[in-house]
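These are the structures in question, set out in turn.
The same chain A turns up in both complexes below, where it pairs with chain B and then with chain C.
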Partner chain A sequence: MKRYYAQKLISAVFVLFIIITLNFFLPRMMFDDPAQPYYAGVPEDAYALRQEIREANGFNDPLIVQYGAYLGRLFTLNFGTSYIYKEPVFQVMFSRIPWSLVITLTSMVVSVIVGILIGAYVGKRREMTADKVLLGFSTVTTAIPSFWLALVSIMLLAFIIPIFPYRGAMTPGYTLGFHTIPFLVVFLLFIAAAIALRIILRKSIFLFTVIPAGLLVALLVAVPPADVLDVLYHAALPLIVVIFGSCISYSLLVRNSMIAVTSEDYILTARAKGLPPRVVLYKHTFRNALLPLITNVGMSLSGLIGGSVLIEKIFSWPGMGQLLLEATNNGDYLLSQAILLLFAILTITFNLITDLVYHKFDPRVTRA
Partner chain B sequence: MQPVLDIHGLKVLFRVGNTYIRAVEGVDITVGEGESVAIVGESGCGKSVTGLACMKLLAQQNAVYTAKKMTLQTKDGHVHDLLSESENGMLALRAEQIAMIFQDPSTFLNPVMTVGEQMDEVFLYHPGAVTQEDGKAAHKLSRDEAKRLSLEQFRRVGIPDPEMRYKQFPHELSGGLKQRILIAMATACKPRLLIADEPTTALDVTIQAQILDLITTLRRESGMSLLMITHDLGVVRAVAERCYVMYCGKIVEHGYVRDILEHPLHPYTKALIDTVPGLDDRVERFVQIPHNVPHPSQKPSGCFFSNRCAFCTGICQSAMPPLREPVPGRQTRCWFDKEELWEK
Partner chain C sequence: MKAKRLLCLLLAALMLAGSCLLFAGCGREEKYAGALVIGSSTLPKNLNPYSSTSSTFFVDLFYDTLLGAAATPVGYTADPENFRFPDGSTFTPVDTSNNPLAFTDNLLSYEGALPRPDGSDYGYVYFDPTEEQWEEQCERESIREGFDEVGLPIEETHEEFLARAEETVPRENWMEFRFAVRPGYTWNDGTPFTAEDIKFTFDYIIRHKAELSSQAYFLTDYYQSSVEEDGDFVFILASNNYSAMKSICNSIVILPQHIWQTVRKPQEEKNLNPVGTGPYYLKAEDYIADSSITVTIRDDYNEALLREDFAGEPVANISVQLMSNLDVLIQSLQQGDIHMIMDTIDTTKAYQVMNNSAYSNIDMSSTRNDFVTTLLFNVGPYGAFREGELNGYSQQIREAISLCIDQQSLISEVLFGMGTTVGDGLVQSYMAHALVDENGNYVEHHTDVAAANALLDTTTYLKDADGYRGLTFTVLASPEQETLVRAIGNQLAAIGIRLEYEMATSTYAEDIKQYNHADFDMILNSVTFGADKLLMFSARYGTYNTGSPRVFNYSGVIDEELNELMLQMERTANTQQQYELSREVQARIAELAVEIPLFSQNMITFYSDSVFSGWIETEGSSIWNGYTLRYLKVN
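For the complex of A and B:
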């Protein structure tokens, strides 16, 4: 068991190292002068001044020395100053993360719950009307690209029937009120409660349920209610678009796996034991049928912070996806470098967590 | 005397699209108290379906079954009509009165639950079967009580180191151990009747013998009846007293095992016995029955065995022979008597 954890951890660290290295060399291969972001305001022909800036920021050192300095800066979370925002990259980035989470986390929680409910309902009714409706519907929805749906939703729900705003995360002129101390207090309390429950009742399920719930409650406490409503009002359209697509695909996933598991031999054993149908369903069918969903959700967790570039662009949502787009378009490579690194770290971390947690649900994986 | 299981004229049809496939076509089976009965036949002859029908475990939506009579006598002497029994009624009968073990132990255990949890369930959901024995009323079992009973049951079926096995998952156990776990679950409530659907097919030969011994021992201890479904004549000889030979959803021969194996009446039974290779046979090729079992939707007219039978004549192709009793206590579904056939 320990070996399994160690192997996973070592390979994750190795992949991370490769990504960090690539992240260092890529801009140096892409741009003629990687010192570009440091020249802010310095005219093209001020060669001497430019040379000085290069020297001061270490761009004249041998590549290997630069690489070492880059690694050093990473460990102190110093990603440099953003070219477009004139602020530290770290700060710019982290001010955007909560906005992406509003869309991605909400839509994920809603679509997983809805997906499980629909999938389970339909999975028990194979080849009946509900099943045929879901299958037909999913064929159509998977064929619809999300940006098209986003545009149609703006046309329908913001112009023809103007009930929702179609751009921005808040009414113009407003800023989000946020009380850091109550947020931290409430969130830490919930984390402590989750750990206490885990230790007393010995069920890891509390870690997965109480902590996210705590995050939600803490956010509601920290942000004034009027602001919460304003944000949700603005988030309505992007949420509708994202949830629409993903809840159908989760439903389909759960439905398929329910059907596959229902015809498994061990379900017959469970029924032959004279277990009531609800026990067969929840303890035997469900527990096995949700395995593919766990993998799927684990994989998409890393996308939570990244947000969706297309959706955020269309709805002018100030999230990470938009930020990445801005950074790329304006050649702000220090910012895009940091964003890509963050995505990479998140992807690796969540895949690692999924791998490590998965065996709790499916004990067979340790053999592989 | 009232038999434990009494089936008369059982028919099972499967709906496939708009047509029905007849898997079992009017089967009569009785199993007496403490008796050991085998159903033998090739793959696809309907023997497993018959077993599942007794448990009412066929998928509800596309299986239709009818019978003139299908009764189960419980331990208290009460006779249940399985046909009219509700699903709720069946929940109480399954495991407590009629239990089943299956062919492939590796796929019949839930892979994500420890075998201990799976064993506990039997006790947790049938507390009456274990707590009522000493005259007291049934009460709910605690997890610890269930665990204690499970470990006891593991010991009964000869699982070494039950404490360790209890915490393990199915993939950590060998095939023989898994089959023992399945047997432990099926016999936990000391059922009246155990249906064993090819319990040794997926195991290797030495383990097969151990499992058959185990079943026989458990049967002696609790006096339960056994309905052994198998294609293996060796298994039939080892455990069964009486035997039904099934072909294409019909019983073609029935009688005591020794009579059937030594003096088969039906050409199909004779052909089956001839296919078993002996240790000292020196043959170029193993004997085989020509062609395959016909698909249930393409059974020949007349006698279902006519297209593969070495003794087939005109009447065989035009009419299905009735189940006759040429010798007292023995039945055969063939137009001819043994002597007429075997002399040809």
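For the complex of A and C:
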């Protein structure tokens, strides 16, 4: 068992090292002169000025020295200063993550819950009306590009029937209020409670439920209610668009999985043993049918931080997707490098977690 | 059972609709009601006047340059009653069609520092730096720091430095400029604007030249400055580079010394509360990163600087709000949520909107542009159009293509009419149909397909049964330009020439410099022309001091005679002389590169005058520049 964990961990670290190295060398391969983005407005013949810029930013050092310095900076979370924002890259990135999470996390939680409910309901009604409706819907949602759906939803629900706002995360002129001390107090209390429950009742489930719940409560305490409502009001339309597509896809996944599991021999055995249909459904069929969903959700978790580039662009939502687009368009490669590295770290981490959680649900994995 | 399900569905639908309506009530009160709202797909991340990620729009609102500058209003007629400024000065721009450096010649002394008229138009004097009092020339910073005039390191002794300095620093025609500062002129925080601020700005840029490199470049020839006892500001250029003086006056934004003297990292420190001499200012709470920037008109802004015939309430607040998608921007303008779009609109989108009655409340500003789209031929060592190629008929084929081009049709088909015809300014002298009239003036292009066919019939490329001559050329262009390539191809079919579009995989200049490229015959280029679209201004040709071609010199032209002509033109103070030299430059370029002008695409912006009016269109500029917005008033 320990060997399995160690193997997974070593391979994750190795992949991460490769990605970090690529992340350093790729921008240097993209430009003839990697200092190019720093020369904004400096003509080609201003050699002295360009030389000073190169020197000031360490581009005159040998490549291996630059690489060493890059690794050193990574360990101190120093990703440099963003060329377009004139702020530390770390600060710029982390100011955007919460905004992306509002859309991605909310939509994922809602989509997974709704997806499981619909999928389970339809899974046991194969070839019936509900099943046909779901399949029809899935064809439609697969065929409709999300940006088109976003534009149509803006047209319908923001312009023709002006119910929702269509741009930004808050009403223009307002910023999100945040009270740090109440946030920390409430969140730490919940963490303490989760640890206490884990120790007293010896159930790990408290760590996974109480802490996220604590984060939510702490956020609600720390942010003024008017701001929470304003953000939710502005998030409504992007959420509708994202949830519309993803909940159908999760429903279909659970539905297919349910159908596949139902035809397995162990389900037949369970029925033959005379177990009640409800027990067969929830304890044997449903639990096993969730395995593909866990993999899928695990893979999608890394995308939570990344946000949705298209949706964020159309709704002018200040998330990570927009940030990556801006960084790429403006040649701010320190920023894009850091964002891609963050995505890579998250992907590797969530894949690792998925592997480990999967083992809990399906012990055959480690045995294999 | 069915009835129960239907009831459930109905209840769910009602709940959903109820939630939506409830949610609709969650909207907050608009903070900027009554403001002029501008939608933009990008917002500046920084408002420092010298930040490379700032925006000239905001710089125009907050700051003024040394002299101030103004664009020419569309439809301008030399009527001083219509365009007189409140300080009494009359707007008398130089005729841009005769001035190759027009964009720097609109020096307009309506605010800030005024050039002294002593001695000459712009108050400069020449002197010889080898005179004793100018010996300290050898102490110039670039020399002290070990770089020569082109920025290459000098590895010599101090004496050799001095010797080199005498060689590299021009010995004569240094220029001294003297400016008077308008009394009573203040920064938006109430501090008086003085010559000390101007001197501080120049010295500050030199001190931070690595960070403020694009501004420091304008001061390459700057030697020193001083504040005189009478409050005048004097600065000296260590060369006779007249155009450098103009760039300094028009491009360097003067900084308030009392604010900036503590700023150590001008590129990194965010300035969210800019202090300037412009008409608007920003309160710190009105900068919402990646959402909106809202500015407020100064209470103490000199009313005399507003337009004389200005009536009604000026625009108190301008709010620029981020909307990343163009369709959303247009829809928002149509709904009245915003009053203007800050982005440039392409002609296809403009045509769709203007021909849709649903958008009848949207107005379009379509102004002439400085840029002319041209078809540039590959005359490089691998190009089909180099001398002697195409069986020796290169010249005839080039001329036939030129004769065949119908600019008006291209403008109709590709730009939906939103463009301007241009002259044949860049074709070779052997093309008898083009160039000049009997008075020696450049003329507009004319089309003669019959003459083109007749010319080709003199070559070995005769038409076969299907009407083609066995001549097929490849045009490398971006996907957005494919329609244009196809339209040109349709026209060339009339003379039996086939054109094939090839998608450019990169827009990076080095990749498509035709001089080194074997795989295509033509590219689409963009060249700066004068206001009358007949004379090309030289900015994109020639080489740097090091001999390498300039960035947009797609032909890779390297020619000493051309460089010499361009230098002369850029350094001449006399407008008429500049014009004459510009013609020589153009003729020389036409001999070195083969380029057929096609049209000039208009610059298009959408706006609505439902709430604000007084919009002013300016030649070669979008309607949303900070200057023209000063003329708006609430209806």
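We adopt the following convention: the second predicted complex is superposed on the first by the 344 of 368 C-alpha atoms of A that agree within 3 Å, B and C clash if a C-alpha of one lies under 4 Å from a C-alpha of the other, contacts with A are read in each partner's own complex, and residues count from 1 in each chain.
The rule we apply is simple: a contact is a pair of C-beta atoms (placed from the backbone, for glycine too) under 8 Å apart; a residue touches a chain by one contact, two chains touch by 3 or more.
Predicted model, so just to flag it, every value in this text is computed and none were measured.
Superposition of the two complexes onto chain A shows chain B and chain C fitting side by side, with no clash. Judged by the touch definition given at the top, the superposed model places A:167 against chain C, while chain B stays out of reach.
By the document's definition of touching, of the two partners only chain B reaches A:288; chain C does not. Of the two partner chains, neither chain B nor chain C is touched by A:11.
Once the two complexes are laid over each other on the shared chain, residue contacts for A:204 go to neither chain B nor chain C. Looking at the shared chain after the overlay, A:91 reaches neither chain B nor chain C.
Looking at the superposed arrangement, the partner reaching more residues of chain A, out of chain B and chain C, is C.
Shared-chain residue A:21: touches no atom of chain B or chain C.
After overlaying the two complexes on the shared chain, residue contacts for A:314 are found with chain C alone; chain B is out of touch. Once the two complexes are overlaid on the shared chain, A:142 sits clear of chain B and of chain C alike.
Once both structures are fitted on chain A, no C-alpha atom of chain B lies closer than 19 Å to one of chain C. Judged by the document's definition of touching, no chain A residue lies at the interface with chain B and also at the interface with chain C.
Against chain C, in their complex, chain A makes its touches with residues 32, 39-53, 56, 81, 83-87, 95, 151, 154-155, 157, 159, 162-175, 226, 229-230, 232-233, 236, 312-314, 316, 318, 322, 326, 330. Partner chain A is touched in their complex by these residues of chain B: 55, 57, 87, 90-96, 99-100, 102, 104, 107-113, 121-122, 125-126, 169, 171, 182, 185-186.
Taken together, the chain C residues at the contact with chain A in this complex read 20-21, 23-24, 26-32, 42, 45-46, 51-53, 142, 147, 150-152, 209-210, 213-217, 220, 267-270, 285-286, 288-292, 294, 319, 321-325, 327-328, 331-332, 335, 510, 544-546, 548, 550-551.
Considering their complex, residues 264-266, 268-277, 279, 283-284, 287-288, 291, 361-364, 367 of chain A touch chain B.
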